[in-house]
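Each chain gets a letter, A, B, C and D, in the order it is written, and its residues are counted from 1.
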Amino acid sequence: MSTESQHRTRHTRISIFIIASFLCIGSLLTFARVEAAGPPTAQVNTTGLAVTDTTVTVGDLHSATGTMAISEIGSIQAELLAIDQINAAGGILGRKIEVIKEDGASDWPNFAEKARKLLVKDKVAAVFGCWTSASRKAVLPVFEKENGLLYYPTFYEGLEQSKNVIYTGQEATQQIIAGLDWVTKTKGAKTFFLIGSDYIWPRTSNKIARKHIENVLHGKVVGEEYYPLGTTNFRSLINKAKLAKPDVIYSIVVGGSNVSWFKQLKAADITGDKWTLLTISTTEDEVKGIGGESVLNFYSAMKYFQTLKNPNNEKFVAAFKAKYGADSVIGDVTQAAYLGPWLWKAAVEKAGSFDVDKVVAASPGIELSSAPEGYVKVHANHHLWSKLRIGRWRRRCCCEIYRYHRRRSVNHG
Amino acid sequence: MLKKEILLAIEDLTVSFDGFRAVDAVNLYVDKGEVRVIIGPNGAGKTTLLDLICGKTHASSGTIKFKNIELRDLDEHHIVRAGVGRKFQTPSIYEDLTVYQNLEVSFPRGRSAFGSLFFKRTQDVVDRVQEIAAEILLTEQLHQLAGLLSHGQKQWLEIGMLLIQNPELLMLDEPVAGMSVRERQQTAELLKRISANRSVIVIEHDMEFVRAIAHRVTVLHQGRVLMEGSMDAVQADERVIEAYLGH
Amino acid sequence: MPKKLLSHWITAKNRSDLINLALLALLLLVVLPLALDIFRLNLVGKYLTFAFVAVGLVLCWGYGGILSLGQGIFFGLGGYCMAMFLKLEASDPVSTAIQSTPGIPDFMDWNQIKALPWFWEPFHSFSFTLIAVLILPTLFAYLIGVAMFKRRVGGVYFAIITQAIALILTVLIVGQQGLTGGINGITDLKTLLGWDIRTNSARYILYYINAALLLGGIVFSRWLLSSKLGLLLVALRDKEERVRFSGYDVANLKIFTFCVAALFSAVGGAMFTLQVGFMSPSFVGIVPSIEMVIFTAVGGRLSLIGAVYGALLVNFGKSYFSETFADLWLYLMGALFIGVVLFLPNGLAGLFREPRQTWLLIKHTALMLVAKLRPARLRPEGK
Amino acid sequence: MAETSTLFTTLLMQGFAGMSLFSVLLLMALGLAIIFGQMGVINMAHGEFMTIGAYTTYIMSTFAEAHGFINQYFILALIAAFAIAFAAGYLLEYLLIRRLYKRPLDTLLATWGVSLVMQQAFREIFGAREVSPALPEWLTGSYQPAPGIDLPVSGLMVLVLMLVVTFGVWLMMYRSRWGIRVRATTQNRVIADAVGINTKRVDRITFALGCGLAGIAGAAFTTIASTGPTTGSLFIVDTFLVVVFGGAASLFGTIASAFTIAQAQSGLEFLMTGSMAKVITLVSVVLILMMRPEGLFSVKVRK
């Protein structure tokens, strides 16, 4: 297995080398004023975007510093990987993608400022970025005002649909309902204890969950609790959960708090072999910090796990590790971020233009069969059709696939 | 002096800090126009007594009547406004302001926040500042930074800052400490001039100076009044000598 | 007395102050608008809203000696008041028709709130909002001031307690997201009385209003400092007891100054909301509050005009360096704090005001370095 | 019957949850009480010294894991955490703090700068991701004295550690010559100098000791929670409040106030949401401080 992966890595390296040489030659040729392969700029860019005969500029807007950097760096890496691969394969409409990286620095207003800069000053054709709901909410008015195009990778609360945003992660209903159905069916769960970090996504998600539990599954919610982001003391909460004795602990704890949360669960003897815990917020990224010991046999419900067994994913994981090191991990959002540039490429090529309006018009119905998570398709509501998977956590930080449901995104308007 | 009118009446005044009685059942009466000097060995409670009168320290029991107003219930600034001025042991002036500004800031008008914001430098203010500056011998230094004055001049400036408020009772804590002989004489003259229309309480160790200014002398010892009387009487008193020589 | 006042104004020091003020006005009203495009100018406008806070801090910290680590509270309150008005205007029943409860802000709808909370109601009125922007933060500052200064709490304790209040307010705003928009803040603000504040022309106009208000604030502060109150503040910092025993209620003077600083912050906050188009709890908490103190320290805690330059420079630096060397920036920022506190207690203004001293500082540092290096080199030859 | 026993065990567990928070808060506050209470220095980077201790423990655990002495490493880690934080504090005092003793508000600003630099350094050395040291087997899991009662072993360990350290601090401050020197220096620097106490050295050691205690707090904290570059900054305001609330110069006051705040916070968390519990605890502390600015326990002295 390991020799095989090494082998593959070497393969990738060689192919990257070859591609890179081609690129060099290509750029030399360009330098020598050889006509670009793609259609003329005037034709593909009628709105004054940063598109030249040989290049197209896009923005990458995430937190490289600050508290969110831990989560967002994976997304940056995935987006840059995808862009590299697209460039290596000849770019889009004969143009190489150039990236302007901006740091949101975990500060929402700063995101808005940088978004404006990318759209107004740099005239980028598309932006890949944002992670938290707050940062998306902050940039949304800017994108709508300046008619930009944002590819947003995170699973989020839903309740939103903007002409100027393509959501490559799952919105709450996609992630929640199938997971609850599954846990009810396989575990015979009747009572649920809902826990979340205190902001819009966990709150909205738990509201959807509560509705589904009470109205459809006819179960009971025996507790619903929220803790501020960054909390490190969950003991009182754990006592409450123990007192309520739910069949399922439903966890939407976000970010660094995850480490304390799972560690204290373990210390309080709430472990996977005695309790059922289902989370929609804990990915490979967080588990790297938590340590596999504490999450053993808990369940995650999301659309992607690093251990998915399909050729697309194997290729993606190999390329990612080749570029960012063998011990890097890929979580759900990272994969969703990887889809952004590819979906944009497909839409631009379908539209035959970089103009935002045309790309947006071309987006619904775009299919991607090369996605690591498998087949995805852009819905008219700008979300993706995708599957939900339940994973069980094993000791070695990876997730065994347990079951999946097919589900299309729900339009919230 | 016809009928002596009492300006300040202190009765049975006591303050204790965690059981230690720094001032213990003190009775003290100061007449209008009187210069009273309080002497006593270190730790006798002299400064604490002044602190009690001006509200810096709160008494445990007893009364402090000033013009028949009970001072114990008042805040410091109200005590000042009632007419009690207090000079501290170390010269307490505003070093970053000029002499003129030091005096102007002490001028008793525009004492509320808004009042001070809309305070106008009218002619009477300027005249009064000039007048006081002349009184404390600082006319020449009027536009100098106060921090640059000599030690003695700083003492005078602080007295001037009190005088500009025209208090009926002036309390001076060691006003000639650190002064040259000549400055002491000038200060004594100054005190005589200003005590013409007000009462003054002075704490002082310099017996020559005390003799020069005092109408009456009160001796404090271990928080209690040891005796009260003229300078001569005090200096002749056995108990006083013992208190100073003993421990 | 206008003649007297004027003569009082134009002493030598005041003359240089006036020139500096004129230069600042020239920079803000003419040079920057000509030199920068609207995008950058809008950023400058945003930085200038922090300058309001910095100017207030010059009054209450530099002169009054009251270090507040909670100016974000007032900035936030002012900003939130304005944001609530704008949000209500943006949430008319027509544009929110798709919500389950039309006519309330979108984040309330997401939080299953069915009716507008009572304290939002008055923010339908623009005049109420304006009054609230000015009064609410000032009143809050007054309450804090009364509670603290009347009990003679000051210095370090005041700093820590204001910091705690800033923390409390942040946790409260984030925790009550149905009522406040939570950590997202109040976003997607569009129009002010029907006037689209996102257009370029609106941005220009808001920039000028902001700059004019700021200059007005500086003139007001200059006037305040040249009044007896200004003298009292200097006196207070030096010998608080003396001021008290000169018949002043020291607490009232401090409360007043703190309230003025709070009022400035609130105006800054409201202008921030108008220019940036949203408000979030990240401007209320501890970090922004301390950063604003740093702007003041960098500019010079005794210089009203320096405070403006401090706010502009630090923010420009932040914006520039975070674009190019994101990681380096935090080191630089930290080093800036330490350096200014250690070597430039009067900030940049100190550099300009005392060029001689600056030269001495450089000379001394150089000499010190030489002195430190020399024995190290000589040691082997010596003992 | 079953009802009451559930209630009882819950109360017990709740009390224990409060005790864990109390232990961490007190360990943090002890260092700060020494630095702030005794020296009057406001060290905003105190939280970062805690982070130093936590990261030291993390490094030691990785090292121990690789060399197979995971079961014994924790004692070593505690010593290392103290030593490194102590050394860093010593250095900081020498480079910065000693120049600012006369300007307490300025130490606040300068040390805030220090904390920014330290946070960024942590981020670059250890990455932005939260880390958590591998714990020896005996520190994980829980102790069950009776059915329904699970006392986390790590929590018990922190509790014991807190008791030991508090006792140690008490011995040092009130029962050793060195403690007398420290208190002499803080009460009257000039006289202390005059009677031959090297006050500069006392300052430096006191500051470093406070930082070292923060290091121990970090090592303890990371066994029950996690560590990231900004972990320390989450605690700094709470810790300052503990010290101020207790009456800055009083060891007993610090203990009592840490206990009160921790139990209140933890108890309220049980009754309402986490953020409201925090708000109510902090508001109460601030209100009480406004009414009693000198803190809960302080001695009235003659000025």
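Everything that follows uses one rule, which is that a residue touches a chain if its C-beta (ideal position, glycine included) is under 8 Å from a C-beta of that chain, and two chains touch if they have at least 3 such contacts.
Keep in mind that this is a model prediction, so the values were computed, not measured.
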{"item": "Chain labels contacting subunit B and also subunit D", "value": "C"}
{"item": "Least hop count linking subunit A to subunit D through chains in contact", "value": "1"}
{"item": "Middle chain, criterion being Cα centroid separation", "value": "C"}
{"item": "Longest centre-to-centre distance from subunit B, chain (CA-based)", "value": "A"}
{"item": "Centre-of-Cα separation between subunit C and subunit B, whole angstrom", "value": "43"}
{"item": "Euclidean distance of C-alpha centroids - subunit A vs subunit B, Å", "value": "77"}
{"item": "Separation of subunit A from subunit C, taking each centre as the mean of its C-alpha atoms, in whole Å", "value": "37"}
{"item": "Length of the line joining the C-alpha centres of subunit C and subunit D, rounded to whole Å", "value": "32"}
{"item": "Residues of subunit C touching at least two other chains", "value": "171, 174-175, 327, 330"}
{"item": "Shared-contact residues (touching 2 or more other chains) in subunit B", "value": "none"}
{"item": "Set of subunit D residues in contact with two or more other chains", "value": "123, 273, 275, 278"}
{"item": "Subunit D - residues contacting subunit C, complex", "value": "40, 42, 96, 99-100, 103-106, 108-110, 112-117, 119-120, 123-124, 237, 240-241, 244, 273, 275-276, 278-279, 282-283, 285-286, 289-291, 293"}
{"item": "Interfacial residue positions of subunit A with respect to subunit C in the complex", "value": "64-65, 102-103, 105, 107-110, 112-113, 116-117, 120-121, 133-134, 137-138, 140-141, 145, 157, 159, 198-200, 203-204, 207, 226, 228-229, 413"}
{"item": "Of subunit A, residues touching subunit D in the complex", "value": "65, 67, 69-70, 73, 198, 225-228, 230-233, 235-240, 242-243, 256, 258-260, 263-264, 266-269, 285, 288-291, 293"}
{"item": "Subunit C to subunit A touching residues, read off their complex", "value": "37, 39, 42-43, 46, 98, 107, 110-112, 171, 174-175, 177, 182-185, 187-190, 198, 276-278, 280, 282-283, 319, 322-323, 326-327, 329-330"}
{"item": "Residue ranges of subunit D in contact with subunit A within the complex", "value": "6, 10, 13-14, 16-17, 20-21, 123, 127-132, 134, 140-142, 144, 150, 152-155, 221, 224-226, 228, 230-231, 234, 266-267, 269-270, 273-275, 277-278"}
